[in-house]
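In what comes next, chain A is part of two complexes: it sits with chain B in the first one and with chain C in the second one.
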Partner chain A sequence: MAGDADKGSTTSTGSTKDEVTIGFPGIPSGFDPFTVSGHGSFVPLLYSTLVALDKDVNVVPDLATGYSVSDDALTYTFTLRTDAVFSDGEPVKVSDAVFTFEKIMSGASEIDLAVVDSVFESDGQLVIKLKRPRSTFILDVAGIGIAPEHAYGEDFSLHPIGSGPYVLEQYDVGQQMILMANNLYYGAAPAIKRAVFVNMTDEDQQLIAVKSGQVDITLTSATIAAANTVPGYRLVVEETVDNMGITMPVIPAGSMASDSGNPMGNDVTCDIAVRKAVAYAIDRERLCREALNGYGTPAYSENDGMPWWNPESVIETDVAFARELLDSSGWVDADGDGIREKNGQKASFPVYYFAGDSARQALAMSAANQVLENIGVEMVVQGAGEGDMVAMMVAWPVVLAWGSSNPITSYYLFHSASIGRDDWYDPESFGDAAVDAYLDAALGANSMEEAIPYWQKAQWDGTTGTSMRGECPYIFLANKDHLYYAREGLDIGDQMIHAHGAGWTLVANLKEWRWEN
Partner chain B sequence: MDGMRLDRDCTDDDGKCAAKRGYTGEDGKGGAKLVSWNRRTGAAAWAGCIFALILAIYIAGALMPDGALRADFAKKSLPPSLEHIFGTDFLGRDMFVRTVKGLSLSLLVGTVASCGAAVIALVVGVTAAMGRRWVDHVVNWIIDLFMGVPHTVLIILVSIALSRGATGMLAGIALTHWVGLARIIRGEVLQIRSAEYIAVSRGFGKSAPWIAVHHILPHMVPQFFVGLILLFPHAIMHESGLTFLGFGLGPEQPAIGIILSESMRYISGGAAYLAILPGLSLVLLVLLIDRLGHTLRYLLEPKEAQL
Partner chain C sequence: MGKLKSWGIRGGVSLGKLKSWGIYIGRGVALLFAVSALSFALASASPINPETRYRLSHPGVSQENVTKMREYWGIDEPPVGRYLGWLGGLVRGEWGMSTTYRRPVLDVIGERFSASFALMATAWVLSGLTGFAMGCVMAAARDRWPDRILRRICLFLCSVPTFWIGLVLLAVFSANLGWFPFGLAVPPGVRAESVTLAQRIHHLALPALTLSCLSFANLALHVREKLVDVYQSDYVLYARARGECGAQILFGHGIRNALVPAIIMQFGSVSELFGGSVFAESVFSYPGLGSALAKAGMDASDIPLFLGIVMISAVFIFAGNLTANILTQVIDPRTKGVG
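For the complex of A and B:
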């Protein structure tokens, strides 16, 4: 009997699922930790970072057991744990961290370490000296995966060695990657021992994979989720700061050209009355219902709900106020066609979205309907290719999505230094002396805590700011919930509030996933 | 001898009558004048009907206000019903309206692209047949080259080289579709060129260009128009295919290719009608135009009519 029981338990242990198959958009082309930030990438899975962010965006120790910051906020000292080893068995040394930081500073990376003056080892500790205080620096550190100096070479990107919870077992370019739990990981052993990531980018492909039971979890869209329930799977709805909004150029057409010569500005949206009227004329609850099938929440800023968010940026829908704004600034519908004019200029402008992005298209169209009905401003919603967008967006409103666990995004989005750079930041050409001062103060503050009031004032200080109550360069519409079909019994742990991008944010805490019995 | 007589008649008034003589002669010969006349009337009526229908689709699409394409979220994702016979999409837009607009756009694209292709074919075909031997060789070589490369690949290449979008696509279709018709025209011209009346005309001292314009081109009129119309369905299909693949018309255009590629996302979700009904409409339109082409052939080429 005992033997049988043992046998039974062995079989059940053997069949206890410790594997997960993930339908995943965008298998990376390599795993070099020096090129990408850990926020929204493979870094938290394969590598370990000095500090990490918990689900409430607090900085917690990871590879470093602790750190201290000097009073002038220019010197960061990290004490590294001694029990950490790379997956090849070599211990993680302070020199590896120095190597990592220097490598990032010298090469092309999306991590901006220009503020770092020097990195060195002192008394067995890692010391980083900054040129000037940078309140977001510790968040940058939380995104930097430490790589082994002894093993870093030419094909490291395809054969990565880290000290994170997982190691790369197999990688087929563009198709799949398989991660195995790292036996040498210093933290708690993950319950999921093997994770297969299958490349899956199309909504219908994802749905088919779930219907046929090929994957345990995958992404889906609001349109699909509203129309399909799949037996054996539950719909996971994760709240996000993945906000979608419409950028509104604030300068008149022809007033300047971008760095690569694209004409900038728009003669309708440069009028603050038009921008604010559009912002106040939209019922965002209705927007979420109509365009996102209820899988979204109203958005009022690029960082709703984050610690540095200013809750005063919330506005109430107020159609009467919006009409009054337009009336008093001379936009009236004299010819009775339902669209206002001023000095022969119609209150009409195109709004571009990425062709094929159904959520952005639906949001823009729903907003356009409301704006036309409520205040007689016409938004002509049109699709455009991603390649053309950067050139167009400095002159025309565009549906963009942001959302990040680092407030530096706000700096890039609204500081006057970002004007005309031909990148995704500040296509509105917004720049305001008061806002610049707040943003500079926030970024240059000694700590996250000190910076928060400045980040908030940049959004709304009582008289001006980047929010829709202030200068309104950006019509925020909705935070799009991230939606997944997950097999019954798969527990995906406590997820941090999701940033933009539904893939990596989901698996960032893979080590906390498990199968319920 | 017959040919000579006709030729002499024709050189007096302008050469157009060559074509006319061509069929009146045949008609008279057959002794089945009544029957063929009725068939021709029937064919003409048939062609008229098809043409009117196609024109109606075009005008309906062109006149439909853009407002009809505005999203109406109260009516989103409805299956086909009496009110919306093709159903509505995820934005609540009526799929029938979108389809008609798409077909109308396809017709426009088809007209421009196939006219371009037919003109190229005529010029190339006549040049090849009338010019010197080496010209003929070169042209034949080019034709073989174009035939050797798969159509779709060639169109995509041309379209990308000419900055994608509508212009690139039109050029791509025009530059790839002339080949077949050019061969037919070249063959026809070679045949006519060896006719006795051409030799006689040359004997009277007429120059090669004069002969081409007065004796050859008029005979090409039926070939040209029938070929043009039969190119039409190809052009439309390629336009939709190219747009479906993302190389053709812009995503804001109400094109059938866009509708189809959009709808692919919903097929697995159970809304297959979003793809099937517009797709069928496109096939029907293409079949209609094809029929128009064949009917016109009866009218313009009496030989065909009597078969």
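For the complex of A and C:
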């Protein structure tokens, strides 16, 4: 019905079957490939990358037909395909790749290539020399869109030229972007010829847009999805590594201050018995049912299910074990108020979440209920503004969310080098010599394959690690499913396991989408 | 009306008039200076700066790259130097580069301004007319049922937040009835050159209605109060005694007396309009200054754009209040030299 109101949009949502209208959170502010990195962006749509990631996170050829790595893992040599052209008709040359990498290295880019020593063309091939081996480097490469040297200039951000499967047809700042299939694309021609991305961040607005049939697919939330079936649409549930958990400071209060002078440490959570007891006292299946309406899976690490994940990080809920841990380390409820104490210190601490994030709030509250009931530890769940959060998280537990298709996230989350830095990594101040050694070995390994055992050992090596089985600096709770309403008949292909952020991960494989007849 | 005009002409060139213009301009400059200093200080003191943002969204960033980005954002300079540099640029018309759009701030503002201006102007006129008319109706029917119902509606609208009104309008007129689109300023998927004026108005309707709800109830209640005072005055009693009917009293005495406070209120509400547009534009994904301000301030820490929009808003709010002042004096010469 509502489609009639806009004659223009009926064609895109109804009759023609090679167009799609997507309700999308966060239309970008420009399309300069140097301003963004990785798969959480428009890069795979508008640009080609030297290599790409398939749905199982394997590195596959894209613009490069192949690449080789020297034995010392310091020299990467890429052979580029010769049939690739930019959307303005100019061929993609090795010099464009050199230009792209040098532009990023020269700064004013948000992509970090500090590990790269030099980039140059040799015998028609692209050579990248590193300062030190970096096992994740190829993943960084997979996120870098190659820009045309001849066309890069002042207004490139709004008039991008790439060699990817789509080109930008129109961009209305803050409202919509329209992509159309790139006729000059070297890969298979996409079935979806035109994609309209409509800016839509509010979950109520998203529901209204599908109820009135104005978009073909849009994000939704667990609360909305549980309460609303929309005729003509199916609910798409994508599993993710988009995990939420509670950070637990591991050092005692007052031991040090962060770079910006905030006091660090917490006298309750610095006791490993408390941390592990909380971790084992929580029934995560119940958590997913109660707080996420069933749209989530238990989380045991920052990277469940990824190739570098250690499956041994999974723990069973064991309330008896949790109680025993607390009893034997002197946390007992002597005054009978339901909350344990030790040396006059109550087993009670606040847990902060971003005020307004209802999923994180619900999850933390549900966890807090279980922990209080099961083991007599009190978690007082409180909302906080982002600024306060930055100041408080080095001293108090906070609810954070991670989930990345690059294992380097683990390095920054748990390496001792992150302690006290003013960022979102390692607010627990966790640092352990054995874990550092594994993480250094993983990052400095010669390849992704060689690195995997080290990434896994950093989580759990049989005696220690960053997982809840080990030192337990982080109570992982749940991986939040990404939910979408999709019009019946819209096939969104095989999706890669979703990282944090539900928008770009959905459309990364837009070229594989199609309408069923 | 002829009388009004002659006042304007007579006062236009006098020395006193020039002096009061000087005072207005002086006040305006002082206000803008204060707003610039205060908002710059607040933005600088915010614990969330571009660097924390950058670290948050870029896992594995090296110190080398942070240093490069700090140079790009220009946050290593001392704050006073940065402020003076920015202020100098402001005067020269170089408002800096938006860090999210990577384009000059004035370009971004210019684009957003036209959309916002259409929205705010429509809402402003709409709320002015409906508010004034509703106030007259309430006063004419004071203490009878139309007055009671309308007054409750007005009080209700005064107390609910703008974004909630927006969501209700969306649920009713977009989701259920399908009369209006769910948002944006143009229909999705249509090429810019083929968007018609009718389509633009169609997309403008709900956001403008939402925004007008912000101030028309307030205006209506004030007009009603003023008119009720008039109705209880001796000269209205005298007019009735002379045999004037309801309409004659309303148009001859009521509206004349209620118009001045209504105009002052309506121009004074420009500040609320700017505030409300942040919410209205966000609910409807309407691409104006308000949504740009929310994005620049909350998500992106785009300080140059944020400050630019603050300054533009300050200019408009000042202009609104100034117009209210001048109009008051033009319409009612008794207030000359006051304020």
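Following the convention adopted for this analysis, the second predicted complex is superposed on the first by the 498 of 517 C-alpha atoms of A that agree within 3 Å, B and C clash if a C-alpha of one lies under 4 Å from a C-alpha of the other, contacts with A are read in each partner's own complex, and residues count from 1 in each chain.
Keep in mind that, in the parts below, a contact is a pair of C-beta atoms (placed from the backbone, for glycine too) under 8 Å apart; a residue touches a chain by one contact, two chains touch by 3 or more.
Given the structure is predicted, the values throughout are model-derived calculations rather than measurements.
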item: Partner chain(s) touched by A:S157 [first = chain B, second = chain C, both, neither]; value: second
item: Chain C versus chain B, contacts on chain A by residue; value: C
item: Partner chain(s) touched by A:S358 [first = chain B, second = chain C, both, neither]; value: first
item: Contacts of A:D32 with chain B and chain C, given as first, second, both or neither; value: second
item: First, second, both or neither for A:V173, with chain B first and chain C second; value: second
item: Which of chain B and chain C A:V371 touches, first, second, both or neither; value: neither
item: First (chain B), second (chain C), both or neither touched by A:D202; value: both
item: Doubly contacted chain A residues - partners chain C and chain B; value: 202, 204, 207-208, 211
item: Touching residues (chain side chain A, partner chain B) in the complex; value: 202-204, 207-208, 211, 223-224, 227-228, 290-291, 355-356, 358, 361-362, 365-366, 368-369, 381-385
item: Sites on chain A touched by chain C in the complex; value: 1-2, 4-6, 8-9, 11-12, 19, 21, 29-30, 32, 35, 37, 107-108, 110, 112-115, 136, 155, 157-158, 169-170, 172-176, 178, 194, 196, 198-202, 204-205, 207-209, 211-212, 214-215, 386-388, 390-391, 404, 406, 408-409, 411-412, 421-425
item: Contact footprint of chain A on chain B as seen in their complex; value: 70-73, 76-77, 90-91, 250-252, 264-271
item: Contact footprint of chain A on chain C as seen in their complex; value: 46-48, 51-52, 54-56, 58-62, 64-65, 68-69, 71-72, 98, 100-103, 108, 111-112, 167, 170-171, 174-175, 178-192, 194-195, 199, 202, 282-287, 291-292, 295, 300
